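Can you read through this structure? Questions will come right after.
Letters are used for the chains, namely A, B, C and D, taken in the order the chains are written, and counting of residues starts over at 1 for each.
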Amino acid sequence: MPHAQPRSVLTLGEDLPARYAAVRGLSQALAAPLSDADATIQSMEDASPAKWHLAHTTWFWETFLLRDHAEGYALYDENWPFVFNSYYETEGERIARFSRGMLSRPTLSDIVEWRSHVDAAMDGLLGREELAPLIELGLSHEQQHQELLLTDIKHALFQNPLGVKMWDVSAAKAHSSPNDWHSHPGGIARIGHQTDGFAFDNEGPAHRVLLEPFALSSRLVTNGEWDEFIADGGYDTATLWLSDGWGWVRKNAIRAPLYWRDDEQFTHAGWQARDPDAPVTHISYFEADAFASWAGHRLPTEFEWEAIARGQEGELPAHDPQGGNQLDDATPPLPRGGAELFGDCWQFTRSGYLPYPRFRPVEGAVGEYNGKFMSGQFVLKGASCATARGHSRASYRNFFYPHQRWQFTGVRLAKDI
Amino acid sequence: MPHAQPRSVLTLGEDLPARYAAVRGLSQALAAPLSDADATIQSMEDASPAKWHLAHTTWFWETFLLRDHAEGYALYDENWPFVFNSYYETEGERIARFSRGMLSRPTLSDIVEWRSHVDAAMDGLLGREELAPLIELGLSHEQQHQELLLTDIKHALFQNPLGVKMWDVSAAKAHSSPNDWHSHPGGIARIGHQTDGFAFDNEGPAHRVLLEPFALSSRLVTNGEWDEFIADGGYDTATLWLSDGWGWVRKNAIRAPLYWRDDEQFTHAGWQARDPDAPVTHISYFEADAFASWAGHRLPTEFEWEAIARGQEGELPAHDPQGGNQLDDATPPLPRGGAELFGDCWQFTRSGYLPYPRFRPVEGAVGEYNGKFMSGQFVLKGASCATARGHSRASYRNFFYPHQRWQFTGVRLAKDI
Amino acid sequence: MPHAQPRSVLTLGEDLPARYAAVRGLSQALAAPLSDADATIQSMEDASPAKWHLAHTTWFWETFLLRDHAEGYALYDENWPFVFNSYYETEGERIARFSRGMLSRPTLSDIVEWRSHVDAAMDGLLGREELAPLIELGLSHEQQHQELLLTDIKHALFQNPLGVKMWDVSAAKAHSSPNDWHSHPGGIARIGHQTDGFAFDNEGPAHRVLLEPFALSSRLVTNGEWDEFIADGGYDTATLWLSDGWGWVRKNAIRAPLYWRDDEQFTHAGWQARDPDAPVTHISYFEADAFASWAGHRLPTEFEWEAIARGQEGELPAHDPQGGNQLDDATPPLPRGGAELFGDCWQFTRSGYLPYPRFRPVEGAVGEYNGKFMSGQFVLKGASCATARGHSRASYRNFFYPHQRWQFTGVRLAKDI
Amino acid sequence: MPHAQPRSVLTLGEDLPARYAAVRGLSQALAAPLSDADATIQSMEDASPAKWHLAHTTWFWETFLLRDHAEGYALYDENWPFVFNSYYETEGERIARFSRGMLSRPTLSDIVEWRSHVDAAMDGLLGREELAPLIELGLSHEQQHQELLLTDIKHALFQNPLGVKMWDVSAAKAHSSPNDWHSHPGGIARIGHQTDGFAFDNEGPAHRVLLEPFALSSRLVTNGEWDEFIADGGYDTATLWLSDGWGWVRKNAIRAPLYWRDDEQFTHAGWQARDPDAPVTHISYFEADAFASWAGHRLPTEFEWEAIARGQEGELPAHDPQGGNQLDDATPPLPRGGAELFGDCWQFTRSGYLPYPRFRPVEGAVGEYNGKFMSGQFVLKGASCATARGHSRASYRNFFYPHQRWQFTGVRLAKDI
């Protein structure tokens, strides 16, 4: 998951205090159903404890805003940076990633107190115009960790054989929509971040890409379609798979998407009946690619996806990025639609996560940096039901390794025309 | 760690209710300084969460006493046996050992409530004479888990780089006592459990063993002596080590006992100055054996140790097994003496953990069973500062793999004479 | 390493017999200095025994030409396909890759006999025009395995602490050439295979790509420059490295290119003094990328490299692909130049190995297939000193994982202008 | 496998030259059917290449006899000790064990030449009385490696899916003999090496052991009986197994002894029909112990086995240790009997491989030493069809880890009476 670089001086001063309060409040609201123990456990190296997300985002404010810009500010606890720094090498030593699950102390309420302390101290900085880009970055950073908090805790609760849950709500039935194809005539498309708004460094520089004619599916692949893939021997047919994917399937005895069990799937609201019309989620790139082969189509490139998302004229399409099921309050994230580009699940592209032309990471720790993850991963476009509302933009580049599937990942097919 | 088999009908009926209350109460008192999160984390596959120990011991009472002998008793939660059974194959499927650290639910207070519920139900069974052996077994079982709870939580808290603790008390200074040798003329010694009292199945049958003349050190090896071993290149000298031990040292870059850091060691009361006169603890069999080679001596056999512990006439020796620092209330376990056979730390013997002549495991789940661990491990004798008072007897056989060292393990030397 | 698909009916009939004889002969000439035992050992899963390469290439002719097109041809040994098939899933079960080093039987001379038998049988097919594309493919396939044979046996002999060699020749001193930059104004470049000549399926379809202005270094990075990188702490500076690369460096204690030792490097002619003016080889993508960061530049994309290789007008550049040090007879491969695009070493690009627009793998086993390796790998351009002469073309796409370095891999820098 | 220490000055001077020639000759005769490549491959870390055994035994003569005692002797190749030393730490650095399979050079004939050179030089030493014990040790050492050469090459050839063999002979049909029990009344038995003859250091000192009454089966468990164990679900019944054994069975999907396939087993003569009346071989301690539990009996201790082998009066029993099928010339080792204590297969005891009372390893490299393997292994008694004739004695202690099974290991049951 990327970290942000401000692209321009944003004139967002006026509503920053309100937005700061909203974002910080949402983080805590998401963790509200969790006990201290829930918030402490770590289910795998890829994931972090909920408590750690609440602390790490706070560390960000304390380190890059308060320590550097609030005169006389003293660290709340000088030992905490060691445990709540994530991967900023220039910010010094840090705890091994797989030891995060050993942090029973500080407690969840210690962290919540720290949050209040930092929020109070931040009050004095929210009006300083020169800090607005950095604050903007802090907000985006915290919103990213909100999504990770949700996907990580889902994975942790899933380990519990007692079938626990953190919310009671269950999903509405999805509407089945017929598949259709958005055609694109090809030609030169303008790609990457192009406005004065906020974006991560890896979304730029904006540049032109030459496209061949293609079409993108109007909706996501559904659970029901995935059932057909399974019934047709999808997981047993070597020739459908990338070589590494086939190795992964065999070694891990993969037979279905993550979180599937009989006709149920595990959600933040516990085990629920699986809706055949809802978009399939929690699949790996390997599975997405094999499914596309099986279906006789392919995955789109990140450029094709973005071109459709922008519309023929470079405008955003009819799809309303605000209209999805994205995270806007503390309710369980559940994909329900499938027709929207944003808001159900992240969509794998066949594009490697690599630098755009003339990309240069910014100097210093804040700019450390999306660039260093640019090997071995694939770009995902869109936004999921666990993505903060307001994080949807055509230029956004999410990225994961081809075997990872604990995020809300799904498939939108493409084809040559 | 062994599980128990009643050897005879014990006439302990009178004080069983009081002893039941004391043992059950001590388990909870030990866990009292722990938060739900502290009690949830699992630091390695060898260890279990504190919460799990509290639950597993309760599962034992519910399964083997209440379910089988209390008419009409209904399981508190029918899903819990799956997660709180440990290794009783005949009691059905159970959670993978390394997943115990994912049990944020049930919470610590859920478990405490379960304990109360079970204790109340047990009231009706404590007076039934025919159940006394099984109850005796349950008490010993729970006392063993008290020791494991303490060594496991110590290991878990040790992982936290913030240096946390669960108690505030620190150790009194140890008295340095000069080394002396208890000689034994050799001959036929009677080994194994020989009284009407309680014992685990692996302590019997009693039998005779032929000994050569030998001497056993009057005290344990100290931290200060271990410092000399290190200073003399003990960890760098291949010829001092067993072949597997040398491989272990090299692969894991072992340079000192577990929990050592500069001149400190980690304890339940956090990082403390290391007392050179206190017995060394938390060493592996490999280290114990290498130290003995370096010192020009050897480790005793379990038979030699037991012969000395029984005295020349088969009596218990001057060493008072009740006089050590053993666990009798909820205070931090810290070895302080060194002259006692019981109460400071478990003492490695060079005897493999193997069956005594005519040993047969008992039938059924309760008897599952010390016998199945009889490969690859070594016998330890004595008792540690974390052992329940009353668990000290000459015939007790503790056992661990030669690389393990998270228990309170130490060294008492022997030599041929 | 790719497998080939004929793109068009080639009119190569006339000289096919001569070329067949030359290619087949070269394979055996390369293996001539090897004993049966040399040809049997396998040093890692990535590599194969020399004997296996000689057999696998023969299997290809027997399976796809003789079995399918030579009437009445009977397999030389019906059990051999199981052991000498490589990864063609549609051709049935095959031996686990890491067990190839257990094939002490058949012997090297058994394989050589089989080769003669197959060559004799092939005589009857070399004149059949409709088979020319398939024969062309077989030749390219065998030439690729010639390069692998050389890099694999180098790795195997390197394991021997006695410092063995397979040839006696040592390298001529390289000529130091000053660095210069080939500029490119950007714009639309035509990429991919564009002629009637042979190409692998992954080199097409030809298509257009939009480039930004850039410059490509006129020569390869040298051993001497790499020494400076090391002296400047290159392997100790986290911020120079991709995140995965830094993990790889730390885990494997990487301090220098593969095959370096003091001021020597291991070659097919044994340990030799390292020439500071010769191109650095046997480095991973991670190292190439870190070096480029340290040098203040970057790696080129595969498209930039190809655009320069084709020249401004789509022509081949002054660099003569035939003029390098490439493999043309059985002499030890040693990079010596550095100014040529082809013939010293493969050059890492920052382009992921991914399908070109409208790429579709061909049906059937022969087309199994470059496509299935399209995840997690990077494209390399050029050709090395171990590449068969005649395999140099601007569209060629070699590919390896970012940690692999037993091929003759090197670095040519690029920069934005 | 142990290394030897001479116990006394042997008066074997007269026939030493003849015995030296016979032993050295047998080593080469055993390797005669092997190609250089056969002799080079290494199938697992536990095993060594045949070539390595031929070289390592020669290294022993050159190092401990010629270098130390033949004036003016110069090492044949001063780099070879590094690669042909096995585990003698005091003799300096040595090649990693798992890299032995990379030694395609020196070739098999290089080694054979070295052997001749050393044999010629040894001529001058064979008559020196003071060297007799060391020469005796060298002979025993070489004989042990003859057995390992045979079991290691069997394992290596087994990896080849083409079903190769090194000899053509197949086994005679075994005679089915009824099971009977040798009873022993218990009491004090004298254990360990007690004569002037040669023995390894771990066979002493001789000492007394107290035994309970027991009985030992008159014959080995057969393939047919093992078939019944399998048919009765032996490999699926957790309660029959040691805990570590059950983990090993599950992790490795063990379903039968090593080398079994349908109703065949792999031998030095390739795949052969399995004789139900022949002793079962190639089973692990875990399997032996589970089988004994299933049969309602147990494994003997090493002391029980030895007491029976010595007979009631301390004499050797009717079983003729020279009468078995042991290795005496270069024929394929195949167990055929089952009634003999020596000569069919090694018999697992339930005794840990631990030091006898007053055991002290001898000083120096030659005495490096059986003692350092005294953790985690079990003692095996008897001798197998691959053991050199003359290596059979009641005090011999072979030892392996409980999961290992590439030796000719079998089961002789015991019971309490």
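Following the convention adopted for this analysis, a residue touches a chain if its C-beta (ideal position, glycine included) is under 8 Å from a C-beta of that chain, and two chains touch if they have at least 3 such contacts.
In this text the structure is predicted, and so the values were computed from the model without any measurement.
Novice: Using mean Cα positions as chain centres, tell me which chain lies farthest from subunit C.
Specialist: Chain centre farthest from subunit C's centre: B.
Novice: With chain centres taken as the means of their Cα atoms, state the distance from subunit A to subunit C in Å.
Specialist: So the centre of subunit A lies 38 Å away from the centre of subunit C.
Novice: Quick one: report the Å distance separating subunit A from subunit D, using the average Cα coordinate of each chain.
Specialist: That gives a centre separation of 60 Å.
Novice: Mark out which residues of subunit A touch at least two other chains, giving numbers and ranges.
Specialist: none
Novice: What is the complete set of touching chain pairs?
Specialist: A-B, A-C, B-D, C-D
Novice: For the complex, which residues does subunit C have touching subunit D?
Specialist: Residues of subunit C touching subunit D: 35-41, 43, 79-80, 82-83, 95, 99, 101-108, 156-157, 159-162, 164.
Novice: Show which residues of subunit C lie in contact with subunit A when the two form their complex.
Specialist: Touch residues, subunit C against subunit A: 87, 89-90, 188, 207-212, 238-239, 241-246, 285-286, 289, 350-352, 354-355, 357-358, 368, 372-376, 378, 402, 416.
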